[in-house]
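Worksheet for the structure shown next.
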Amino acid sequence: MFLVKIRMQFAAAHRLARPDWTDEQNYALYGKCANVNGHGHNYVLEVAVAGDVDPETGMVVNFYDLQKVVEHEIFEKVDHRNLNADVDFLQGIVPTAENLAKRFWEVLEPHIRQGRLYSVTVAEGQSNIATYFGPQPQQVVF
Amino acid sequence: MFLVKIRMQFAAAHRLARPDWTDEQNYALYGKCANVNGHGHNYVLEVAVAGDVDPETGMVVNFYDLQKVVEHEIFEKVDHRNLNADVDFLQGIVPTAENLAKRFWEVLEPHIRQGRLYSVTVAEGQSNIATYFGPQPQQVVF
Amino acid sequence: MFLVKIRMQFAAAHRLARPDWTDEQNYALYGKCANVNGHGHNYVLEVAVAGDVDPETGMVVNFYDLQKVVEHEIFEKVDHRNLNADVDFLQGIVPTAENLAKRFWEVLEPHIRQGRLYSVTVAEGQSNIATYFGPQPQQVVF
Amino acid sequence: MFLVKIRMQFAAAHRLARPDWTDEQNYALYGKCANVNGHGHNYVLEVAVAGDVDPETGMVVNFYDLQKVVEHEIFEKVDHRNLNADVDFLQGIVPTAENLAKRFWEVLEPHIRQGRLYSVTVAEGQSNIATYFGPQPQQVVF
Amino acid sequence: MFLVKIRMQFAAAHRLARPDWTDEQNYALYGKCANVNGHGHNYVLEVAVAGDVDPETGMVVNFYDLQKVVEHEIFEKVDHRNLNADVDFLQGIVPTAENLAKRFWEVLEPHIRQGRLYSVTVAEGQSNIATYFGPQPQQVVF
Amino acid sequence: MFLVKIRMQFAAAHRLARPDWTDEQNYALYGKCANVNGHGHNYVLEVAVAGDVDPETGMVVNFYDLQKVVEHEIFEKVDHRNLNADVDFLQGIVPTAENLAKRFWEVLEPHIRQGRLYSVTVAEGQSNIATYFGPQPQQVVF
């Protein structure tokens, strides 16, 4: 019963606003995060994989393989980008930390071949943190 | 199945000692934390809320609303204070990290209106960390 | 001979690009920082003031007064904003870390009334850091 | 329902390689971590204990007692050592983060007398993190 | 031309207030730091020593020797103490970060036998930082 | 008058010991750092360049160019290596933090073409930090 986690940072701009709402409505809900020209963060991304250790290798999943997947599928597409405008798989959603975590999960999950994806965490700076644990209630054993 | 977390710091003094014990008894149990003139920490407080994302807003709970609740109910009452002497809702308890986490939960819980309070974590510096998960065994699904 | 420093974070979007250059020229120089829709950071801002300690108060400058100045003059104008579009005193410059440090200095300097402004540091995340020490060569004695 | 955690750092060298494999096989699996002369890390070690608070002391377990156990059983044996060559209880295993967490659990578990050992986390730097939750599926109630 | 620095943390309570002033005067100057029951911090202490490297040892000063001096002269006297009441060499001063840095310098300086003491830095948490560079203007060559 | 700094981490093993000394002599001087099988760190490397801002680009030196130089000249040669055995330009020296900073300076200096190299800092973990300011006394103007 192991959990392995990798962590990386990326820098991106975002704006929290529904396109079908007025600026007033968006400011009322999202506050300064609705600023029309966007703002940005050094996001921290954590990807956790649960599983057993392969007794031959001593690993649940090779950290470097996992890093390569996350770099290729997520990091290269979001780093130094505008999350509202530049990222295909984020079109049509408001880029809250929760929605980012959920979409990142959906993008990553098919690529996790050792262990099973356990959670995706997106932190906007050091104070605001969102974790998604997947679409199906999991009976957790730890 | 999301967990959102906010994190903030506060500075406070505390002394670990039971008023009904002698100084010797308190030193024997609490060590240097029983120093009669108190000592202090930059505490880190983390509050986690579990829930589903509102598809309209893309949020479990508005980070700023949650921050405002924690600032108003906890931060303003403990920051730059003496936890043994200055805080109404801490009267009568020894301000260990565990007891702080439990009392903060009890103070915060009635104010969490979106999602449900999942845990309260109190860290004394970076080495000692206590988390309280509430009074009732929860059948966690993630 | 004292140096006192305050540190705070702000989140902002920026794009590195000269408006009088083509996108190709901007990409050639600024790389992924020239992405046309911008990107963002959790910037760290440090402001250092040099001086002697007032023997009456034991302070070079009141940390809270200094914080209030920096919050009012800088933080409130740049936090959750787009540094290319939203900030009056950044119009007409490319918002590199160096240029931000220099403009912040120029904005803050007239408001420092105890001690003298020694340096302004702007960090884009944890890896890239720029410090400005003011317009005039200072003969430093420490 | 509390979780208390202590965190400490140690510096150690390791090499990821199976002695029964060729260097080529080891490089193919472990990449640069198989470098024949080893490399090193400032490992972060976290030990979590679950339990209830003793109403008399306000603690699940005394942080200092827990720290003393971890220092004596783990820290003193691994700090500034070579994990492949110098540590008795690591003989015969490849010192991956997962294997370290598991072996540390097995060493620590008999010494935890208040609460029950919940997890052992070993981080190689800030990017690669492994957590072991013990040999038996635990029905967690929080 | 080298600078070597060690860094450690200690936890302490303090109150900013002049004993010869009224509470009103103290609150007016020191704000919430004047709270009558004190508050506390996890202070960070940095001690920097300048000098040349001994070609035989490759060191300006042995980090462990320097750490032992700072632990013995400062850490053991201030950790988990009340800086207003418990520390001999802090009697009669207001324990601002500036005054702490200055007093720590005066205590440490006679014990630095390799290299020369260059600066003492005291940080209250991560936002407020004070550095003292000694009583005499030094003509710095780096 | 600007200083720009880049910061990166690398993992490496080292042993502090003079080959011409006995183990006893080495232990007497270097303590646990003389452990015969080595130990390791996540080193933090900071490289600072001083200069003026090019008014056309708003930069002292392009952060990415500087990063590429440091990655190519230092990082790729030391990361996940044994500093005693694996690195050409460290042969014949005891790999103390001071000696590493000095040798890194000597390797990097010819490659800094914009601005001038100001300092190289090597930190072993978060507690022990060494900075080298170059071979010649510099009259610093800030």
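To keep things simple, chains are lettered A, B, C, D, E and F as they appear, and every chain counts its residues starting from 1.
Note that in this section contacts are C-beta pairs under 8 Å (C-beta built on N, C-alpha and C of every residue); 3 or more make two chains touch, one makes a residue touch a chain.
If you're wondering where the values come from, they're calculated on a predicted model, not measured in any experiment.
Going by the stated contact rule, which chains contact subunit D and subunit E alike?
Touching subunit D and subunit E alike, sorted by label: B, F.
Would you indicate which option in A-C, A-B or B-E repeats the interface seen between A-D, with over half of the contact pairs matching by residue number?
Interface equivalent to A-D: A-B.
Compute the distance, rounded to whole Å, between the mean C-alpha positions of subunit D and subunit F.
29
How many Å are there between the centre of subunit B and the centre of subunit C, using C-alpha atoms for each centre?
The answer is 34 Å.
Averaging only over C-alpha atoms, locate the centres of subunit A and subunit F and give their separation in whole Å.
Roughly 34 Å separates the two chain centres.
If I count partner chains per residue in subunit F, which residues reach a count of at least 2?
126, 140
Taking all chains into account, which pairs touch?
Here the touching pairs of chains are A-B, A-C, A-D, B-D, B-E, C-E, C-F, D-F, E-F.
Provide the residue numbers of subunit C that touch subunit E in the complex, in ascending order.
1-8, 53, 56-60, 62-64, 67, 140-142
Considering only the defined contacts, which subunit B positions touch subunit D in the complex?
Checking each residue of subunit B against subunit D gives 16, 18, 29-31, 93-99, 101-102, 119, 126-135, 137-140.
Using the touch definition up top, name the residues of subunit B that touch subunit E in the complex.
The touching residues are 9, 11-14, 32-33, 35, 37-42, 79-82, 84-86, 124-126.
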